[in-house]
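Labels A, B, C and D are assigned to the chains in the order they are written; within every chain, residues are numbered from 1.
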Amino acid sequence: MKKIRVTIWNEYVHEQAQTAAGEYIRRFYPRGIHRYLAEHLSASDLEIRSVSLDEPEQGLNDELLQNTDVLLWWGHCAHAEVKDELVDRIQKRVLEGMGLIVLHSGHLSKIFRRMMGTACRLRWREVGEKERLWVVSPSHPIAQGVPETFVIPNHEMYGEPFDIPQDGKIVFMSWFEGGNVFRSGVAFERDRGRIFYFSPGHETFPVYHDEVIQRILGNAIRWAAPLGYVPDRITKQPESLETIRTENPLDKLDTSALHK
Amino acid sequence: MKKIRVTIWNEYVHEQAQTAAGEYIRRFYPRGIHRYLAEHLSASDLEIRSVSLDEPEQGLNDELLQNTDVLLWWGHCAHAEVKDELVDRIQKRVLEGMGLIVLHSGHLSKIFRRMMGTACRLRWREVGEKERLWVVSPSHPIAQGVPETFVIPNHEMYGEPFDIPQDGKIVFMSWFEGGNVFRSGVAFERDRGRIFYFSPGHETFPVYHDEVIQRILGNAIRWAAPLGYVPDRITKQPESLETIRTENPLDKLDTSALHK
Amino acid sequence: MKKIRVTIWNEYVHEQAQTAAGEYIRRFYPRGIHRYLAEHLSASDLEIRSVSLDEPEQGLNDELLQNTDVLLWWGHCAHAEVKDELVDRIQKRVLEGMGLIVLHSGHLSKIFRRMMGTACRLRWREVGEKERLWVVSPSHPIAQGVPETFVIPNHEMYGEPFDIPQDGKIVFMSWFEGGNVFRSGVAFERDRGRIFYFSPGHETFPVYHDEVIQRILGNAIRWAAPLGYVPDRITKQPESLETIRTENPLDKLDTSALHK
Amino acid sequence: MKKIRVTIWNEYVHEQAQTAAGEYIRRFYPRGIHRYLAEHLSASDLEIRSVSLDEPEQGLNDELLQNTDVLLWWGHCAHAEVKDELVDRIQKRVLEGMGLIVLHSGHLSKIFRRMMGTACRLRWREVGEKERLWVVSPSHPIAQGVPETFVIPNHEMYGEPFDIPQDGKIVFMSWFEGGNVFRSGVAFERDRGRIFYFSPGHETFPVYHDEVIQRILGNAIRWAAPLGYVPDRITKQPESLETIRTENPLDKLDTSALHK
């Protein structure tokens, strides 16, 4: 069986900060969120690589992108540094069939806003409150093996209204201790590619250490993996399929009547 | 009653071409498609202006854009000339509530692809064949007063597969003499704004002279007009609405167990 | 201007019960929820009638139904008593264009389940906890003039997963003190008719006394009012619109080869 | 690997008619459409049974239904004979996860109208004209291995407007020689179950002899097969998950102010 080729991209800034916050974050992700996920999502049907913004070509050269079936994206403070040219290449690849999983603060990443066409804004608050998630679509592949409700004891709040298109299939919804609600797991299709937005994963909490969260990410990777790629097509259809009977009457048109 | 402020934007290139084709097109639109539409969509509840790419700031300075409720867009051979900065400004305005009506070859315009996030490709053929349109959603406001089926005697063919998101409400579908079908009138919502794509309107046929087509465009303008504008909001919610009871247990966390 | 003809249907059982609960409920709705709503939704553009299950033909004879533009439905313990024949008539009328607003425990009414095709189940708990609603679609007509978030101090909990089709436009989402979330205001279109499900309104709390709730119901009525009715059509199209060129080759078919 | 248990239900009336039409149909389906399909969809991962209306319990006793993963439904002139009690049982099973594939004139079957909630009407004409199908969603599992366009040389016309809910994912659209268009392959989800409507298959043409059509039906069966069944759940949630802090202030409520 062919393995799913997964690439985990991380801006990898918070985890390297020489600050108290950075030190705090390194307690959970000493080598970066990308490497932590690569290790903990490891499975026999997956071939996982992890890359980061500080690598050549911002971590995603064309060869790697062409050989990626599902791309995970974690970004927050460095969205603006990602080059438009890279966003163009990722978008093209998604539209051809590559899966894209956008994590947490990636809701404002260039690539997510590009795929959605909307502002992707939301309400937020960072006081470490309790988040409770609910499975809204129990039969969705991403929800398999996930309990109907489960808790992240401390997390950043992301709340409605969330500016995304209406055709997202809601897989998870969240309740926050401070009084907010949120569509926290939403699945989209865009041309040949599948996109999953999943809000858990603030860097100052060990969210990705949670086995339920890891299960969801594993499910999402397998759901987003393409059936196959559809290369760029030539859109002109040179001949008609059915006989066209009319001559163009406009060729003999007396247009004087059109402009009285 | 407050009038709807309509701006009709046209790249206005074909109609000015000093070629046989240009001469042909000028039979139908001697002063440009934008001016023709401005004149023929005229109504007491509309305040219509028409602009074109060759004007200062590509026809859409900020003041005009801020005072536009519904923007119509006709473009074809000059899509690439439209500045990204203008596309940014239009997108922001649509997301705040401005209506956007994208006509014919505008399916590949920067602004339509930006709003959709998809490739917006389609099959096409230009032999002047017959197009027959069908009302698929008879109760949609854009279809009011439109016969269940009607014909454009000669038109360019636009056919499926059409790469657009799934949440477009299909108002019209088209049949083509040469054997193709197409979702020719599709209504979207993105954040606070409404978008209508309508495929009729190839420049070498007098499509906009048709009263049914004019009726549809008038309906679309009134449907897309905003209820009101929602300015850019500050998304941070500084305080919780409900009391948050927990202290952050992570503050006293012994993380040694996390990394065995 | 033609008024919108509104009919408010109520099973009217709880309010008449000769029990402590009934007495309690009558503090808020002494003459029934239907009459209370008829009085408090009163407006110059609405012509409102209220009816109940205990009236002849269960309150909805054919003439009344034919002269109703928007039907509000409150039911709970007497769903099973509503005759299937009445449900058939209401469904037919909705599909032709009548608006339908289903309130609270009407999620399990025959007519709502008929229109949805799904089980319409949800999680619930009745301890009088706080419900906080959020506007998820600020530009939807039903949300106009409604604050981004507001509270029902004490209410029955309705929670996810809620078994409804995916094409409901989510206008409101709810947060519950006890840890649940819910799609509490959802707008559907079915053929020519519009349907709005709105969960607030448990009989033992004075929810319909709240001015924000009344505003939402008024908005919903105006949103659901039909543009016009589409009578039952004859679906056969006796002649083709375009010339059909082929003879049926099957008439001369040698079928011996089909069944080797 | 567990096989998918497929049941093909056919009203089996036309094929048994002692008329010229019946004789004609028997050239293509001598033992009935259900048996023809059972034979030609045969594959190592499928366990296929075929049943018909004239069998005990209308062909679908409870044990068979409980042991069916995907149900195919072909009906036309005997829709009214199918008992409501059977429709109830099928609906319940679909909502729990069973796949349902509705063929051709099954658009007006009780079970399809029950699942949709709409009138499911369409335009039609029976003159044996050419139908051309187009793949609209090339990445959908049901479209795998299917050419972008293909032809049924002679078929009954089914045309728009087609009264179905908006959340159907359009996999195929059809062009008809006589000038009509149609959403001929549409995929729905209802609670835990998947539903595919596919219009080809009029009994007087050998449509199911076509290998492309057989491929589509095989794809649809595998797409509709459930991940697992979700039995009827108890919807009451007896305790809150989070602590509820308030007492019900209504208990001490002075309601005199409510009814001035």
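Miscellaneous remarks
The definition used in the following text is that a contact is a pair of C-beta atoms (placed from the backbone, for glycine too) under 8 Å apart; a residue touches a chain by one contact, two chains touch by 3 or more.
For clarity, every value in this text was computed on a predicted model and none was experimentally measured.
Counting every residue number used by either copy at the chain A-chain D contact, over half are found in both chains. Inter-chain spacing, taken between the CA centroids of chain A and chain D, is 32 Å.
Averaged Cα coordinates give chain B a centre that lies 35 Å from the centre of chain D.
Remark: chain A and chain B have CA centroids separated by 26 Å (rounded to whole angstrom).
Multi-chain contact residues of chain A (touching two or more other chains) are listed as 130, 132, 138, 149, 159, 166, 177, 179-180, 189, 191, 241-242, 245.
The touch graph of the protein chains shown is complete.
Residues 27-28, 30, 91, 95, 114-119, 121-125, 127-130, 153-154, 157, 159, 163, 165-167, 176-180, 188-191, 204-206, 209, 233, 235-242, 244-246, 248-250, 253, 255, 258-259 of chain B touch chain A in their complex. Across the complex, chain B is touched by residues 97, 130, 132, 138-139, 141, 144, 149, 177, 189, 191-193, 226-228, 230, 241-242 of chain C.
Chain contact summary for the complex, chain A toward chain C: residues 132, 134-138, 148-149, 159-162, 166, 169, 173-176, 179-181, 243, 245.
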